[in-house]
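Listed next: structures, encoded as structure tokens.
Both complexes below contain chain A, partnered by chain B and then by chain C.
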Partner chain A sequence: MKGRLSLALSFLPIAVLMGVAYVWPVIAVVWGSLSGDDGRFAGWRNYSEVLNSYYFWDSLLFTFRVSLVSTAVSVALAIALAMALRDSFPGKRLALFVSQYNLSIPRLAAAMIMVFLLSQTGFLSSLARQAGLTESIGDFPWLVYDSRGIGLMAVFVWKFVPYIGLSVLGILQGASAEYEQQAATLGVGMLGRFFHVILPTVVPAVAVSSILVFASSFGDYEVPAILGSPQRRSVSVMLYLKYVDPDMKDPPEAFAMMALTSLALMAAILTYRRLAASDARKRGL
Partner chain B sequence: MSYLRLEGIDKTYRGAPSPTLKGFGLSMEKGEILVLLGASGCGKTTALRIVSGLERQDSGHVVLDGVTMDGLNPERRSIAMVFQKSLLFRNMTVAENIGFAPRLNRAMGKAELRRKTGEMLELLHLEGMGGKRVTELSGGQEQRVSLGRALMAQPKLLLLDEPLSALDAGLKWTLLSHIKELNARLGATMLYVTHDQREAAAVAARAAFLHGGRIARCAKPYEFYSRPESRAEAEFFGWENFIPAHRDGARLRCALGDFAIEGAGPGQGRALLCVRPEAAENIGCGRLRGIVASAAPQGMETVYEVVCGGTRLRLAVSARHAFGAGEAMAFDLSPHMMWLIGWAEGGGGDGAGP
Partner chain C sequence: MRMGARARTAILALAAAALLLPLAPLLMWSAATYWRWPAAVPEFDGGYWPRLLADGRILPALGNSLILSASVALLSLALAFFAAKALGTRNFRGKRLVELLLLVPAFIPQIAVVFGMQAVFMRLGLYSNFAGLLTAHLVFYVPYATLLLSAVFEGYDASLEEQARTLGAGRLRTALHVTLPAVRSGIIVTGVFCFIGSWSVYLLNNVIGDPRFKTLPSVIFPLVSVGNNSYSTMAAAVIVYILPVLAALALASRALAPEASPGIVRNRGLV
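Let's turn to the complex of A and B:
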């Protein structure tokens, strides 16, 4: 009995920490979403208002699309990058450094870099003018602060490619290389090896990292706050603006949005994981 | 003209202090199994990888069926390879693995592929297992599937890189007989790498011994056992005792005494007497006397270190006889288990008998 008590006590600090860090915020959000402006229980009213809001749905779909496209493009580019870097060649160390240095750059700085590169007064616009492709600043397309989220996607892709690329590169240089060599000696060409040998071996790692980058871009605040369009806000920006609303009318709705967004994200991730697990079972992995 | 010719192949890995292969040359005939033997790290796998195209040689040529392979990518050489690990594709069934090459290379139609896969499963004694996941197979079955997958590519040459080294002894001998059977029935030309001389004797009629980056000798496996030509070769094939000697025509003097050399030609000077550990006979009543320094029981026999005439011998003796450290042992050495080689490496040998 004494032993059990001391064992339970030894777990107490971590249990308290987990309660404060993980359980309390969920309870706070759920309680906040069910409360009115005056702090009293308001039932499903906040949820009903959010679900009937055009702006919420528009923002949710926009954020989902930006995250999905960023993840898909990042995965494709990361695999291409890893394929290019897997063999030995002169200058490989430098190439590895160049392809990974941006991992250490904060997203805030990455967003600023994209402004410098992609805005109408930025570097590319200036190059286009000097090359005679555009005549004035206004001729250059809106690539940041745009309602299609191109600037956001550019930052996410820029940040995620090395992250996914590193995990894929590790696999390509390990066991996958042996399988590829085996396929080559069986007379299978480059394309056949890529689709039938390389891709199946990197899929599990890509699945895990793509979940992480999707969730990361979906919940990101700082990049959409800097590069997003005022006409079409991402969910996290909309949430923040509602939360800090000066007349204190919207915070309960912000909590409801938080709960709904979290549920949507969890549903998306669970669906993806189930699909990946079922695929892995089919492949015998 | 030989079916496969490897000519003057040199290979030095970047940063390596010495070349792995130096003037490596080898030839083999169509339908033959040739075993490439050598100690671990002597360059056997490098040689196979160069033949397959997975590694590029610094110089020299690989010629298969009259066509120079230099510069061709592995997939264009028609040389399949079976590795030490089975490397089966885990996302495919047994049948899909076996049919992998013809399916992806579009070498045959679906019906033909199904028929040939079935035939191959039968050849490999894996009937009824085509639909199984490869994760359900035993180590021996995996390696058989790997072999079948390589043969289904219909290669001109099949390379086997220590394919049985990870298997236990019983399974190994079964698979060796399967490999011989496949060679006989399909007429496949096979270059087989191993560091196990018993495997070599079991699978091939001809073996090549790789030492110092080149083929030191090419002969029947039994000849390596009975008539080694150098100390390295003798050591590799299980000769464990090397006694400096002086030869004077048909007489040999060494620390063990004076011996007559059977069938000796003219010759004089320093020599090396090689004695196999299993040479000891007439235990307890032989003419040679030694003191046991140590004993290591190994099941049916015990390996003794015996000091005799100032030299230390390793002798494998039936476990029926039991000697402790410090005890005297009388024994003879069988002339059939002794061999004389020149002092310098590489000289031809003669039989020696007391």
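Let's turn to the complex of A and C:
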């Protein structure tokens, strides 16, 4: 009995904080999504408006695609980076530092840094001109403020590769090494070891970090607010404008969009978890 | 599978270039007021540092950010400590569920709840003041700290406490001399990560915070979106913004090394 009481007491501060300052606001959002402009109950009206809105779907799908591509590219590059970092070699400490310093750089700062680098009058564009690859500013492609989301993906990949890479590295330096040696003793070749030993052992770590990375790029506000396209708005920017911008303002619909966006994201994550789990079962993990 | 030295060098050189190259224009812009395409380097004249520092907004904002993020880190640790210990060292029904619930604030986009927070915080007297902003940050960093710390406690041997108690140490002495030292590096890393996370938050400061209590992101963000500021001022401001967190990461980097604390690496959430 005493054990249960102390257990409950341990969670009391979090429960109070989250109940008052998170769950209640979530209920407020849901309530707002079911109310009209006059604050009275309006049923599902806002939802049907939003579900019929082209801009909502376009923004949702665009954000989904940007997050998915950023995550996939980051995972591939991160595995390569972790493979290169795993053995000991001279200069490894420096390499490790370079591979993780940008974890601490805020997204807001990362987005501004990418503007300096990638804009049409930016550093890369100047270098391209110096190298004779372009002749005028207009020859350099739109890499920020573009409607394909290239600038967004550049920031996300830049931030995510070190993050995923470190969690993969943790695995590669641990359990995986032993299995690889056994496989090598049994005569399994290099490619075989990569696909049948290394990949399966890093999958759980990659699954966890890629979910976090996906969700965090999907919900990010600062990066698209700085270098997103005015024509193609990421979901967070659209929701913000829908709530505060004088020209677009419609709080009840904004609340419905917030609820639907969260549901869509949760559904995507749960589906992915399902797939990852069934894949793991198939591989006998 | 060992990678050949040549392949490793090639990959690491590419990675270093990709990771470090973006810093080059940042640093150059901060030291030059004028840089015209297609010059590969600007004419260095010291940039707008004097103007930025004389502006009178950036230094107070730096102080405010330090106060806010340090408070967030310390309070997150304090509020998360016992829950993390329970999660890491005890088995109970519903443990998996608790862990999942703690992840929810990291998954749901902040924008989807922040206006609900604004409405509720207004009623509670937590809108547009420091206590409210602090609470808003804690909502995201207490669950985060709990998950990180619980991973640290998983490798912690709770029977040590019993031994200390048997030897006559009181509750407080046991906590101070047995529990804390055993998880010290995990606590430092968790605190630093909460600090860095809170340092990066812009949205909450903008929607919940006091407009008179300007933090660094709320001073820096308008520099870009308005667009009439020179890149040189922006670059200098960004450098002021990132130096403290780089220092914080360096502080944590010893404990961050994968071999130092595998648990925390597994659950690391600095995205």
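Rule of thumb we're sticking to: the second predicted complex is superposed on the first by the 266 of 285 C-alpha atoms of A that agree within 3 Å, B and C clash if a C-alpha of one lies under 4 Å from a C-alpha of the other, contacts with A are read in each partner's own complex, and residues count from 1 in each chain.
Here is the rule we go by: contacts are C-beta pairs under 8 Å (C-beta built on N, C-alpha and C of every residue); 3 or more make two chains touch, one makes a residue touch a chain.
Just so we're clear, the structure is a prediction, and the values are computed from it rather than from any experiment.
Once the complexes are laid over each other on chain A, chain B and chain C both fit without any clash. Of the two partners, chain B and chain C, it is C that touches more residues of chain A. For the three-chain arrangement built by superposition, the Cα-centre angle with chain A at its corner and chain B and chain C at its ends equals 80°, in steps of 10. In the superposition on chain A, A:114 makes contact with chain C only, while chain B stays out of contact range. In the superposition on chain A, A:222 makes contact with chain C only, while chain B stays out of contact range.
Contacts of A:186 after superposition on the shared chain: chain B is touched, whereas chain C is not. Contacts of A:194 after superposition on the shared chain: chain C is touched, whereas chain B is not.
Superposed on chain A, the gap between chain B and chain C at their nearest CA atoms measures out to 9 angstrom in whole units. The contact surfaces that chain B and chain C form on chain A in the two complexes overlap at residues 184, 197.
Touching chain A in their complex are the following residues of chain C: 1-3, 5, 7-8, 11-12, 15-16, 18-26, 28-29, 37-40, 79-80, 82-83, 85-86, 90, 92, 98, 102, 105-113, 115-117, 119-121, 124, 126, 135-136, 138-139, 142-143, 146, 196, 199-200, 202-203, 217, 220-221, 224-225, 231, 234-235, 238, 241-242, 245-246, 248-249, 253, 256-259, 262, 265-266, 268-271.
Taken in their complex, chain A has these residues touching chain C: 6-7, 9-11, 13-14, 17-18, 20-22, 24-29, 32, 77, 80-81, 83-87, 89, 95-117, 121-123, 125-127, 129-130, 137, 158-163, 166-167, 169-170, 173-174, 180, 184, 190, 193-194, 197-198, 205, 208, 212-213, 215-216, 218-222, 225-226, 235-236, 239-240, 243, 251, 254-255, 258-259, 261-262, 265-266, 269. Residue ranges of chain B in contact with chain A, taken from their complex: 52-54, 73-76, 78-81, 83, 85, 87, 89-92, 100-101, 104-105, 133-135, 149-150, 153, 155, 159. Residues of chain A that touch chain B in their complex: 178-179, 181-189, 192, 196-197, 200, 283-285.
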